[in-house]
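After this come two complexes, each holding subunit A, first together with subunit B and then together with subunit C.
What follows is the complex of A and B.
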């Protein structure tokens, strides 16, 4: 089509931008973003919107972005995707797992529109999936948690019993145990990604059980507030930095940073090299970022955490490296064996030493 | 001076003019709201009410109108029986969820059956039963213990939502879904699928059911003894008792009807547009249907029209959110305004506005 012939002449998107050539309005690439919640001032959707803003900043006049907030997962999503495609979007990011079937359905109706679905597993010629290796970040904060706990009880507010969340629990537990063999982990399933009331309740229940470090896979700052109120309880920011609670109770954070991936994919559509695939970036790609480690953390622990960040980033360390046994004692990874992506993506068990069962 | 004087009889003109006036008033108030947000009110109103029907992409949005309207109409029709009799079932959302769970559960229990003649009607029946059972709980509580059905039916919505979450990650979870929550997609299960009957129309079996239900409800309410009992109870419970109406039985029947209608709406949705039991399968049709029922004056034909109108605000609101960058909450505000305007305008049905001083009685 027009855009393709224009750009096939060899001029890459970046060159055009550098030359400052004003792209004509109809030549703009329109990119749509479908959000599962309101953008707000932090959390999952906020981070995706930050990625959108990175795209705007990187490509300026070459792109036009539109978004829709709080799109329910399910039937309504298909309609929103159709609308976006009809409005001329040629690339659409659907930023929640629940849009999976809707994305596939809309993609079949609009073969010339490219779709990017976050955290899913169904692809098509014009549907890619992308996710981030959050378990890498969990390894780092698990290490800090193991060092910082005095009661040797770490709490984990889990959202839903799906592989991504289970990876996070296992990764943080293993790394906490590595630096503190006495550590126990208390998991509470909140069955929500964002619900301040439920999260606060879970945090309080944990604190009552003697937990003094809380990790969370939910988006609100309610656990931070509960920890602050309780006094000597530490937390970690989730999705966004949650810097308002630093230096205490928030010790560090796992930040979802979608900007690099979004900029890369938009660039590929602009220069015609986009192809469908699976992307699973982590610290190396800059998609998982550990927020500033606060001064509450002793220097040697901080150094240890930073060393781990460096090792994961340069690829010399994988958080799931054997020997690792499953909860029932059977072997998951032999000594020195590294988990494959397939093993991680389908993870549905706790590692050895965890107590309790994964609800099913 | 302006004052209100009670009419001796409700005005039959205003009874039907009020909903129209409410729509116009909502457009006006909505326009003010959009203007305050710095958008051109005329363009916003046109985007919401005109473009989905006749705009550039109407071919895509028009079928969606039926998809959205069908569950609203079905649920509102069911509610209208109870509302007429003064039985306030606020928990249609929960009954809708339970209908979807029962129906989908029945269909998935036989996966991968190919006996559509058995699976599809059976699943609809189970959807009906699921909704009915959930509706009968507050009914029985009210009849047996005098519990307030407004509270108990509403509370059961939250119970149903938790059962839904449990089903999506437990019993009904797709065994081939790699551990992710959500059931198998019923769209890919031919025996249970509620398909689009004619391509590009959006009409599925739920739409057919809604139309049949409108006709059925009309006949029952205006021609059948039961409709008479319902109306009489609403107007004068005492008179109804003298006429031989058993109030407890009436409550149970009304709760069963509203629950059952919501239940089949739930199955048609889960087997069609939505496709799967997922944690956030329900999107508030059960609550919006309350607006539909009142806007339609609890009359089947009125509900049909009101359902289409509310569906239009959903679709149009979405288009407006996207093209004009309005926050999505605007749609809900708009729908809320509609009910509010109706309540305001409704004053005219029972009262007449008089100018000048009140006469001394």
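What follows is the complex of A and C.
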């Protein structure tokens, strides 16, 4: 610290003390982040933490951020939220689906604290929900997967049977099938967001059964490593770019970019315009980004994928556009009909052509 | 449903590999508990081993040095537990829990610069000729060295405990430390040795995850395997071969259920997901008749 700054801050601190005003730190907006995994997971939580760093960069001294990693989903989360609120957080981001009830419970106890819950659907006066349209990204990598598979078996390591994951499975399957009618999709429910060993086992089980393109909805890079060991198997980065595995097996990635939303909402709290709501940004808002498509992908497939990214971004194409039938053959969307957000956030069925059942 | 897609040979080869981390951590803890010490820090020692092994392997480019580093790392953490529980006579349960929490935090700290980097590859031992035998070849003669180490360690521990004089002494210390002390055995020293051995095994098991199974460092890589190893030691009645059976069963059903899901078997995925736990507990309880070592978890001080 330069001497002049030191003197200046000393003087201002003295002034504040004389005026009996709270110390400088109290003027800062304290923002809390609750993470489901470690920030070093290289995936989901890592990206949320990048968003937190964007907030720090955008607002500097005006905010103070705190975070807690690897918070279990469930009753324990309430205590973490209470603790954060008692520490003076005025805005708390809870960054996983499983914190939904805990967030609502804590929000009722601390009406003057604002909560932002990721990927959920319960709101309150001081609880907003936000999500990203990952299914847009899934449409693009589904297309690439359909073009790249030789065995016509695409694997999908799914986490939990919730609408967000089911949208991803349906979106990638439909778009793979569109470019390759013979394609079939093998789904393994891992029942975890993060368990590197289990994710690796799941990937190996698929590879042993002839799957040659693997999509994942879990957060670690373990499936990428398993694919690399196997040789001719392709994967896609999930949540984070996972560029360490490019150009092969990783062909492209869906990157969650939470920064723009976090900066916007923190700004709204600072200037007092924050209101509860439901935000669902996608490629157009810059919240869903497709990472560099590697050179393993032939140029015409790459062009096809880029055209789709452009169409989704400018709004001329919606991945869930009819005709789409449900797995049982009944009509979900008529020809040309576009799915509403309500239909998407309550999605609990596979589309036609998928085999197997969704666990209830 | 397409069961023909599951190749039983690949399945068995996969389950042996998948079980190895649990087997290694379990066999170490079995020796510790047989010496009368309850160390609940297995998860912490495993993950410390995982990161120490990863750092050592990354720095030298050699996986063997990595495994050595993992054993040293795990043993080092275990030594803290040994000093606390054997010399300062702390209660073993909270000390062990503390060790797990400490290990998780320490590994996260050490691993900050290593997230997302790939580990040097560990080549499989491909026994010439033998690995070409149909069925048995891929299962038995084409695995990586640590798998063989795990099996060898189980046999060695069995031999040590039941066929050697030193093993008898170790069991005596675990059964009744006062009597062993009265006979002139150095209870504390034997226990410290057992704890350090347990730490080294747990560290090796952890590094099998970070160097072979996953092979990359991510925070929280052990994801609870240490606790499973602890549970299997108890359910196996503190016997090496049952421990091996339990570990293979757990790893086996884990791999099998993933394969069944991939083959689209019409069993709800929830049941398949819980099956490794249920099957392991069920089989080991049915075989049961294990008895805990008499002095398990009790602090020993020569004056009492």
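The rule is short, and it goes like this: the second predicted complex is superposed on the first by the 334 of 360 C-alpha atoms of A that agree within 3 Å, B and C clash if a C-alpha of one lies under 4 Å from a C-alpha of the other, contacts with A are read in each partner's own complex, and residues count from 1 in each chain.
Heads up, the rule we're going with is that a contact is a pair of C-beta atoms (placed from the backbone, for glycine too) under 8 Å apart; a residue touches a chain by one contact, two chains touch by 3 or more.
Because the structure is predicted, anything quoted here is derived from the model rather than measured.
Aligning the two structures on subunit A places subunit B and subunit C in a clash.
Of the two partner chains, subunit C is the only one touched by A:205; subunit B is not.
Once chain A of one complex is fitted onto chain A of the other, the partner contacts of A:221 are limited to subunit C, with no touch recorded for subunit B. In the superposed model, A:191 lies in contact with both subunit B and subunit C.
Of the two partner chains placed by superposition, A:124 touches none, neither subunit B nor subunit C.
Of the two partner chains, both subunit B and subunit C are touched by A:359.
In the superposition on chain A, A:75 makes contact with subunit B only, not with subunit C. When both complexes are overlaid on chain A, the residue A:66 reaches subunit B alone and has no touch with subunit C.
In the superposed model, A:42 lies in contact with subunit C only, and not with subunit B.
Taking chain A as the common frame, subunit B overlaps subunit C at a single listed stretch, which among 6-14, 96-104, 114-122 or 276-284 is 6-14. Once both structures are placed on chain A, subunit A residues 38, 69-70, 161, 191, 359-360 are touched by subunit B and, in the other complex, by subunit C.
Those residues of subunit A lying in contact with subunit C across their complex are 37-42, 69-70, 155, 161, 186-189, 191-192, 194-198, 200-202, 204-206, 208-211, 220-222, 225, 242, 244, 355-357, 359-360. Residues of subunit A touching subunit B in their complex: 38, 66, 68-76, 78-80, 82-84, 86-87, 97-98, 101, 121, 160-163, 166, 191, 345-348, 359-360.
Per the touch definition, subunit B reaches subunit A in the complex via residues 57, 60-61, 64, 67, 162, 165, 169-170, 173, 178-182, 185, 187, 269, 273-276, 278-281, 283, 315, 318-319, 321-323, 325, 327-329. Interface residues of subunit C facing subunit A in the complex, by the touch rule stated above, are 5-7, 10-11, 14, 18, 21, 108, 111-112, 115-118, 209, 213-216, 218-225, 254-255, 258-259, 261-264, 266, 268-270, 273.
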